[in-house]
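For reference, the structure discussed in these notes is given below.
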Amino acid sequence: MLLKNNIPIGYIFGKIKYEILFVTIYGIAIEVIYQNFHITNISIPMTVPTVLGTIISLLLAFRSNQAYDRWWEARIIWGAIVNDSRSFARQIIFLMEDPFQPENIEAFKQRIIKRQIAWCYALGKGLRKDDPMPLIRKFVSEEECEYLKDYDNKHVGLQQLHARDLNNALKQGWINPYQQIEIDRTITRLCDAMGKCERIKNTVFPSTYGLYIKMALHFFILLLPFGLVQLFGFLMVPVLIVITACFFLIEKMAIHLQDPFENKPTDTPVLTISRNIERDLKQMMKDKHVPSAYEPDAFFIL
Amino acid sequence: MLLKNNIPIGYIFGKIKYEILFVTIYGIAIEVIYQNFHITNISIPMTVPTVLGTIISLLLAFRSNQAYDRWWEARIIWGAIVNDSRSFARQIIFLMEDPFQPENIEAFKQRIIKRQIAWCYALGKGLRKDDPMPLIRKFVSEEECEYLKDYDNKHVGLQQLHARDLNNALKQGWINPYQQIEIDRTITRLCDAMGKCERIKNTVFPSTYGLYIKMALHFFILLLPFGLVQLFGFLMVPVLIVITACFFLIEKMAIHLQDPFENKPTDTPVLTISRNIERDLKQMMKDKHVPSAYEPDAFFIL
Amino acid sequence: MLLKNNIPIGYIFGKIKYEILFVTIYGIAIEVIYQNFHITNISIPMTVPTVLGTIISLLLAFRSNQAYDRWWEARIIWGAIVNDSRSFARQIIFLMEDPFQPENIEAFKQRIIKRQIAWCYALGKGLRKDDPMPLIRKFVSEEECEYLKDYDNKHVGLQQLHARDLNNALKQGWINPYQQIEIDRTITRLCDAMGKCERIKNTVFPSTYGLYIKMALHFFILLLPFGLVQLFGFLMVPVLIVITACFFLIEKMAIHLQDPFENKPTDTPVLTISRNIERDLKQMMKDKHVPSAYEPDAFFIL
Amino acid sequence: MLLKNNIPIGYIFGKIKYEILFVTIYGIAIEVIYQNFHITNISIPMTVPTVLGTIISLLLAFRSNQAYDRWWEARIIWGAIVNDSRSFARQIIFLMEDPFQPENIEAFKQRIIKRQIAWCYALGKGLRKDDPMPLIRKFVSEEECEYLKDYDNKHVGLQQLHARDLNNALKQGWINPYQQIEIDRTITRLCDAMGKCERIKNTVFPSTYGLYIKMALHFFILLLPFGLVQLFGFLMVPVLIVITACFFLIEKMAIHLQDPFENKPTDTPVLTISRNIERDLKQMMKDKHVPSAYEPDAFFIL
Amino acid sequence: MLLKNNIPIGYIFGKIKYEILFVTIYGIAIEVIYQNFHITNISIPMTVPTVLGTIISLLLAFRSNQAYDRWWEARIIWGAIVNDSRSFARQIIFLMEDPFQPENIEAFKQRIIKRQIAWCYALGKGLRKDDPMPLIRKFVSEEECEYLKDYDNKHVGLQQLHARDLNNALKQGWINPYQQIEIDRTITRLCDAMGKCERIKNTVFPSTYGLYIKMALHFFILLLPFGLVQLFGFLMVPVLIVITACFFLIEKMAIHLQDPFENKPTDTPVLTISRNIERDLKQMMKDKHVPSAYEPDAFFIL
């Protein structure tokens, strides 16, 4: 997630530097042809680019809206993961009870809640196609890591372990059947959240949609200097650059927003969120080793 | 689902080749009339096509938004099918228990989970109006295939079998009443997902809506060269072709997106998703024969 | 619901024939005044109608979006009715059990499920202000029809009978308390669906909203020929007709879409859907007399 | 809620009569200055008002969309109140049972259901800041009215009485614990509906948003005649009036739609809906004294 | 939340005073250059700013829509907090019962409900980064304040205390297992609400999105006087100021709406809402010391 301030100029314009370079040369060339060679009949009225510009603005506006919706949905899902992780920990801590050997169950609760922290990291890493095992190992026993080996999606395996423990807890009499079902529902909600993230990750935004807008946009840029050439003289070039930059930047922004799990600065900050979940859950367990929150060391957090 | 790259030019323009052919001839004809026969009073100011262009852009933008929403909803539903299939398998594995004969129940669980895999394939095939029986047979016993014969919608029949088994499990004492209800709820959610897919499949996007936009668009294309003829000379023809292509491609894209279960490259990739469900569920069952994921062999996955 | 093809020209243009007639006469009159009487100062620049046209397009686009949303919501509700009817039948068949007299309960189940079919037809007919009793009688006993007499909304009465039977089933020990609650929830969801349909039926789309758009649209049409008169000569009349037709058709379409229970071709096809529910539920009951699906005999289904 | 027809002209234009009066005088003044004093350099090209007009149309379109959403949400909430009131009554009637003294419980059920009717009226009246007590007294005993005295929001108090009765019913053994929870959930849904209405009532639509649109709109109207003055002569005045009327009417409509509980003709018809709930619930109780539905005696229902 | 009336002029224009100052000087400078130095070729046709204006209006309209959605979502969440707090109190009062020592439980109920009031204030204060402890202390015992010390988020800690008390109540036999689960669900909903607020608070609206719009807007303002200079003479300056003001005000409004927990007048009024919750809950407890509602002492409430 980009932070509010300090976004470096280089980051902003780096993404469109080739486009701008091309447009500069292209604009100058046309201007030179018009001014020096007096081929003035290449000038066209602004109406034609205007029509195209309106259409493209409209499509671009809708498109960035849809990209924004994907980005916001990804954030909503991770917000739900925060909520359900907290609820899960609360339920584990206060719904489970062993009237006879309270010591046993304490370790059991710790194990489940730590595994939930691991699940958050595993999901975040997995979505970005990083290897989640190093982070998982910090929270989960060796034997359980072994269990995960067969799973493509480690987070699916971790949930299986949750369900297995829950089943044991019922057999031990630590929870009653209603409590089992209620905690199982929380797991189901977390399972939904994880599937929703995978959906956003794995669904390509309709390629043709983006492609047609890109084509129309390029055509508009190609046509634009013919409309401007008569009006601005050599001032046309900066005007052309600014208009081009506006359109291309907004298109690029849409492209970045629409894929929020790509290890890019515009990503949903899954690691920062996971760290906050770790902090909250450890505070709930009265754990002494609460890590500090991630401090942003750049213009974005991941 | 179209993939990100490698969409062949032929695929993109194949869909509008007749439109482009017609527009080329039409544009040349008008240009010839204007230039060679000097019938210059057919030229009209660009304002008239501009008004029409704005209106059509607006309607087209809203319309592709609605088509996108249908496409995205279809994908959301299949995402929910992934989630609920996983939750269903988790519940079958860890909520069911036979304290006396654990061997019996193992086969029983395998049967249900395999049937769930069959259900996913059956739904995917059924939506595309293909015969799902060949795929179902791979996961379901002969006797159960027999049971399905009376059903138009095989996926409805498969769910009936789920419910019958669940009822048996309760009678055998393998699950308690709360667990039965909870698993029944998962089946209800899967039933909802299947009905939602059928709704999208069976509901024609308002025909008149599309028709009026198409009419307005054609009229706009017919009017356009009269506005351009004066400005571009014979360069009008390529300009005309590009503008026409932009509009028609966006209209076609909307038409494709709005029907996501038609065996077309823009479809929701129900078979690929079903295969992933198969992989996940088999890994959960510790099955040895996990198939590999579908590898895309073209510019799309189905 | 209109089908994809074969929409007769008469249906499309029948709705705006008076508007087109008027516009034709009006356009010719202005043209005659302009051309024959040389009152040329009635011509105005296209800019004024353009502004109006943009505004109206925008409002019309939003408005048809809202109408589309109502139409789509109606279809979603009927999709939910399909789902919940299937879930209801599944629950009745597989959650109810009489360990001692399985024959008794079979008839009981048949009665409830048939009544559910009746409920679907009753709701569909009721929404269209038709008398639902003839269809209800085919599925429900004479005594129960008697019970319905006091009810304005027959579908509310049918649900009461469902709840009464459920209460009996609990007293007989055919279901346990959790199963009663779960089936009651399905009834509650069906009750919600029925209320949502009534909401769409009974809520007039804000009259003034439609009215202002209509006024602005008429004013725009009245102004338009003054802008076109100078540009097209007598060709103005067909151009005027096409533009008028585009705008009026889109307005009419919005008006039709926004009221989906009016016995019109654009309606949500409640009878076809109810028939499909009947087919599904009878197949679930292993009933021999499954009716065939409705075949469309026109360009729409009801 | 405004009905479909018979909206008096006076109602429509009454809301903007001062605006129209001002614009008429203003338009004539400018025309006189232009024509009689020949100060023609006050004329400006239409492009400037056009830009402003486009912007304002866009903002106005979005804004009326948001107002429409509020209005529609209010209607959806009252639709949910209808559904939940019916479900509540159904549950009270068929989930409660006294095996020993069926007479006692009959009066008890009547009391609860009548109180639910009172709750609907109380909420409707309360939202409009009317005193709900006269209507409540018709359905609720004197002693319970006494109980309500301490409550600002009578509908909150009525729900407390529901919960108290439910608690009693459990103690009497008239319902089992699952049934209590299920009915409590229906009360929770009704509680949500009531809070949602209050949210819409108490949340001022962002004042600055409306203000800036109003300012821009006024500025546009002030600028408009300078653009029109050259084109229309004295015909400018009616053209100006119509354009002004279109914009102002749409703005006023948005203002009315966004506040649906203000005792105005555009309100959500809470009393009519409450009456229909009364009719439905009394028919469910087999009550003899079912009131007739409200007949609209004007162009709107309240 | 801004109230309907009395918004001081100073507040409205204070936010854009530097922009207006700059634009005034800039406009006058250009006018002087044009008029006095007769450098008239700096004038450009209005078409170029018009294209830009349309694009920016479109993006600005979408953007204020998204900001409005965030603001409205924040309000919806706080509406849900009102509802769930009421439901929570209702459930605590009427689901808990001690048949033997009714006095004990009364104090217990008071403690929980007061803690719920504290939770609302704590969440509101916490979102605004104020210290919530002073307000919490008014409702919660010293010992419990001690418990909260380890928590970053006091509202998370308060919910833990709720869950602990609930667990005790089950052990004491004051509630049955279903009631425990039902109340736990209400806590889960409150936990969701609190996470949703934090999501809105902690998610920066895509910085680049805002940045690009701002850039395009500034460029448009810079270009505008060159388009206006020829048309208005020195009247250009006020026209320029008004147009600039419209655009900048709408942009600023979007910026304010999108962050609703910043201690600014446009905030969601969390303290006022919390006070209303306090009033409702105390009336439910028959508490004598119900505070009066906040009276707005300015043009906004917090």
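Read from first to last, the chains carry the letters A, B, C, D and E; within each, the first residue is number 1.
The definition used in the following text is that contacts are C-beta pairs under 8 Å (C-beta built on N, C-alpha and C of every residue); 3 or more make two chains touch, one makes a residue touch a chain.
All values derive from a computational prediction rather than experimental measurement.
Identification of common neighbours of subunit A and subunit C yields B. Where subunit D touches subunit E, under half of the residue numbers in use are shared by the two copies, so each contributes mostly different positions.
With each centre defined as the average position of its C-alpha atoms, the distance from subunit B to subunit E rounds to 39 Å.
If you average the Cα atoms of subunit A and of subunit B, the two centres end up 24 Å apart.
Annotation for subunit E: residues touching 2 or more other chains are 47, 50, 54, 58, 61, 178. Here subunit B touches subunit A in the complex through residues 1-4, 7, 12, 46-47, 49-50, 53-54, 57-58, 61, 64-65, 68, 71, 75-76, 79-80, 82-83, 86-87, 90-91, 93-95, 97, 176, 178-179, 182, 186, 228, 231-232, 239, 242-243, 245-247, 249-250, 253, 256-257, 266, 279-280, 283-284, 286, going by the rule given at the top.
For subunit A in complex with subunit B, the touching residues are 44-45, 47-48, 50-52, 54-55, 58-59, 61-62, 66, 150-153, 156-157, 159-160, 163-164, 166-167, 171, 177-178, 180-181, 184-185, 187-188, 191-192, 194-196, 198-199, 203-204, 206-209, 211-212, 215-216, 219, 223.
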